[in-house]
Amino acid sequence: MQEQAERLTRLSVPELDEILGQPFPVLDDGFIRVVDYMGTDASIVQAARVSYGAGTKKVHQDRGLIRYLMRHRHSTPFEMCELKLHLRVPMDCWRQWIRHRTANVNEYSTRYSIAIDASQATKSSEWRLQAETNRQGSEGILNTEIGEKLSRQEKELQDRARQVYNQRLEHGVAREQARKDLPLSTYTEAYWKIDLHNLLHFLQLRMDEHAQYEIRCYAEVIGHEIVKRWCPLTWDAFLDYLTSSISFSGNEISIMQKISQGNTDAAKEIAKSIGWLKFDENGKLKKHLERDEFEDKLDALKLPIPW
Amino acid sequence: MQEQAERLTRLSVPELDEILGQPFPVLDDGFIRVVDYMGTDASIVQAARVSYGAGTKKVHQDRGLIRYLMRHRHSTPFEMCELKLHLRVPMDCWRQWIRHRTANVNEYSTRYSIAIDASQATKSSEWRLQAETNRQGSEGILNTEIGEKLSRQEKELQDRARQVYNQRLEHGVAREQARKDLPLSTYTEAYWKIDLHNLLHFLQLRMDEHAQYEIRCYAEVIGHEIVKRWCPLTWDAFLDYLTSSISFSGNEISIMQKISQGNTDAAKEIAKSIGWLKFDENGKLKKHLERDEFEDKLDALKLPIPW
Amino acid sequence: MQEQAERLTRLSVPELDEILGQPFPVLDDGFIRVVDYMGTDASIVQAARVSYGAGTKKVHQDRGLIRYLMRHRHSTPFEMCELKLHLRVPMDCWRQWIRHRTANVNEYSTRYSIAIDASQATKSSEWRLQAETNRQGSEGILNTEIGEKLSRQEKELQDRARQVYNQRLEHGVAREQARKDLPLSTYTEAYWKIDLHNLLHFLQLRMDEHAQYEIRCYAEVIGHEIVKRWCPLTWDAFLDYLTSSISFSGNEISIMQKISQGNTDAAKEIAKSIGWLKFDENGKLKKHLERDEFEDKLDALKLPIPW
Amino acid sequence: MQEQAERLTRLSVPELDEILGQPFPVLDDGFIRVVDYMGTDASIVQAARVSYGAGTKKVHQDRGLIRYLMRHRHSTPFEMCELKLHLRVPMDCWRQWIRHRTANVNEYSTRYSIAIDASQATKSSEWRLQAETNRQGSEGILNTEIGEKLSRQEKELQDRARQVYNQRLEHGVAREQARKDLPLSTYTEAYWKIDLHNLLHFLQLRMDEHAQYEIRCYAEVIGHEIVKRWCPLTWDAFLDYLTSSISFSGNEISIMQKISQGNTDAAKEIAKSIGWLKFDENGKLKKHLERDEFEDKLDALKLPIPW
């Protein structure tokens, strides 16, 4: 590490500097702004190379090295980059957000200040139906006629809750208590700072189709508008190795070996032995969650389902 | 560490076993129950002694060693104990709770299940007034006449919010979206697991008189009903060294030296030099937050205020 | 969650209680002992179900639920279990161990006490050769003739280092300074406490064939002797979904689709477009690390390599 | 928070930019260099003010606000600043360093590369004597005659260890195994990134007189040369409230109240009741560690010791 004596200037990313402070709107009244950042794709490479000494500088190209790190889940070099955002987000969404513990947070205090006078409003065309197969998701949209009714009702409830809040304040009730019946849809703001490794973990979970729509909107802005500008090589590697990847278990690999060899019977035998192939009295294959997931993965690979 | 070959049985605390699973009520409809725990005062001592080798076993008595560790903020031995609680708490209070990041959490999911049908209700005698001096606190109680009006209004608002929630569900709206306008006072439940060091840090902040009343109620139950039974030596040391302690800054020490020596002028000189003694046009000492805090501390020690 | 009022007794695991305190030997003079634990497979299930409310108790069997959680990386329920070990391990190995940050540690102090009088010794048949393909691994064994020479030399060096250490102490040198030239192979001891989720992450990395031999020995004892007894359902799921699994990137999936359809040319086209198929002047396919890894994965699935 | 739409440029600190990349030498062959940073004193203020809303901007001056935050241990705003250092440090010292878990680390790998050819050397005048009162410290210096002997012996041992290392490599032994008997004094290098709150905690522990000399040298450079330039307001507050402060327990406060009131007998009564005043058969006050510490604190305040 001979270059230890060199003078440095801070690495910067012009593409990100260009949008610094500029709010990306999310939902009806939320936003995300980049407030500060530290590091670039080059910082990841630099940190990874401290493991290899100065002599090995040319061995990998930067892109290749970053892809190698991502592919093999070598996460510590990605921790060398840090992003600080200013967010405006409904409290209900923030409840999910804050579950990611490895981050630094300063939130707008409704003990100290009057609550932000805005709640997330739902348009008549935005009411989502409960998913039938996935107990914790939504699919499809309510018809707008009922939607209109629900949106009117929502507006009245939110207005009423704000009135009650204001009346409490007028009577001198402490802000920390007056806020107690504000709706979960009330907007809050926060500074949120996180390293790139933990941010990518957040994005992997929250850009996923199983994440709730609202937080997915935020995650997609962070990913496609911010990380993509900030660390483009890392972003590409993330998309390829983490969000588009498919993983097979030991059992699944055993079955796929038989499929590859054209031995459908042996494939079925394995599936049977691990309890995946049970039939009802009519000889119909019973539902089995893990088998369903496997069939989807075989489909994605254009491999035949052997049963 | 010659005893490495000995057989062990898990340490247990009969006083805590006795209340395992039993709910301590908190607020109007909340509770705390101990679900599991690991370690005792003896585990802390054992962990501290790995630093000293087997030969030094008798040097300190357990109590003295635990007090020494607490006094000098040697925190790692306290991390060897772990507590797991089951909580029922208003979401507004849980928002503050969850800010303590070094803990393990599984919360009741209102994406998956219907929200718990209970909101924190405020009695007519429980409406707290906004503190004048402390922008983020409360002091005093609203008169019950207005209190009654506010409690009635609260009940109506909470009932209305629940109605709206139920109607959305009846129309088939996804649970994850239907919940969006429930009040912050809605109860949630969670398992919460934390090590003793981080629990004491939580208690120090949340049993403090500046903490919001609601979370203070929970913290006091955890401290006085649970930790006291679980690790009584640690609990005593915590009360003596952390919750009852007073700390003086370098500047304050300089002033106190002069006070002790009866040199009031010199004490004032120092206070003046650091900007604590400024007067308005009428010769009245201007308010100064840090000086006020210092005066309170001198009072607590029965030392005279030199200005 | 109606059962909130029930009395509880701590969950325990007889298979683990049986070996509590008993040292499993590792390397020539190291060991691992379980000192305490909290939780069982049932605790994971309980924590996962808080998300689903009481009514859904029978929906999944425990085993199926644990496998579901592991498969979908729902990690928080596994954090509800905690394990505390007493270890004796060479400092060089401990250097790698301690890089896992989410754990609680108390280590034997060589500032306070005299260093443990034992260094890891290497038998003449245990000297490993530098791997050629993997710059940070080993493969094969040195011939025992040279091995004998190296083992003799090792013994002399370790004896000399201990002599120097003792002489410094005799001259009154502070322990914290006297230790400075002890070899990295000197044994240390520690209490190490970690939750099951983070322990499994440790095991996934340290049982891997790319982990250094010494730490792999410890990881395998923790996995196969301890976790297997402690949480057998979790252990099985871990082996199936994490240690035996294979993951494919977005690019790899595109190629596999073509292979499945028998379209070798299209598969090659994709590989070419992402830079995987480059030839030297003799028309020989150039080495490409990611392609090599992909070929190994195709082999594992018994799928043909299309180039 | 009306200013949400404003364009930003990254905050920078010219005083720190000036030394970016420049190594500060530590010990005989170590160094510390700042590689990157994020945030300034102003970022702390900004994060704290998100709690207060836009209207309260002028209430506190920056300096006063930072001092208030430090005094009351409001730590989250300090987490908004991040520092990244490049270090060269003996492994023995690094063992202590790495115990601070809330940091990001990439260390030079001696599995991948040949170990850095440098060990910390001790001059004949630098051998420290074991402290008598503090089992884990040093005080005073060995006479240089013996010191010379020890330094010679040290050099021989370090040379021998390096020879053995090199011979192993020449025989083809894997780097990961060859290194096993290198002395703990061997230098390593690392990138180390940490937020300001956790850095100050590190400095408080490692600049303390009870910290080992070697790590104290590093801590003092980080504090006085780096943090002081980077966040000067924070640094001043840290010195005043954390490193120079004295804290009194509940028991100690009770005694001091009596001292302040001139009631020596009552002060002694309290001390007796908590076991601090025990006498041997000759009527001599027995040693008591906590009482000793209290006497030192009374001395610091120029208060009389009442017994």
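We call the chains A, B, C and D, going by the order they appear; numbering starts again at 1 in every chain.
Criterion: contacts are C-beta pairs under 8 Å (C-beta built on N, C-alpha and C of every residue); 3 or more make two chains touch, one makes a residue touch a chain.
A quick note: this is a predicted structure, and the numbers were derived from the prediction, not measured.
With contact taken as defined at the outset, chain A and chain B are each touched by C, D.
Relative to chain C, the most remote chain by averaged C-alpha coordinates is B. A straight line joining the Cα centres of chain A and chain C is 27 Å long. Chain D has its Cα centroid 31 Å from the Cα centroid of chain C. Inter-chain centre distance (chain A to chain D, centres taken as mean C-alpha positions): 37 Å. Touching two or more other chains at once are residues 52, 105, 109, 112, 135 of chain D. Remark: chain D residues 1, 4-12, 17, 20-23, 31, 33, 35-39, 43, 46-48, 50-53, 55-56, 76-77, 79-80, 82, 84, 86, 88, 104-109, 112-114, 189-191, 193, 195 touch chain A in the complex. Within the complex formed with chain A, the residues of chain B that make contact are 90-92, 95, 98-99, 101-102, 105, 109, 111-112, 119-120, 122, 127-131, 135-138, 142, 146, 150, 153-154, 157-158, 160-161, 164, 167-169, 171-177, 179-186, 212-213.
Of all the residues in chain B, the ones that touch chain D in their complex are 52, 64, 67-68, 71, 135, 239-241, 243-251, 253, 256-257, 260-261, 289-290, 293, 300-303.
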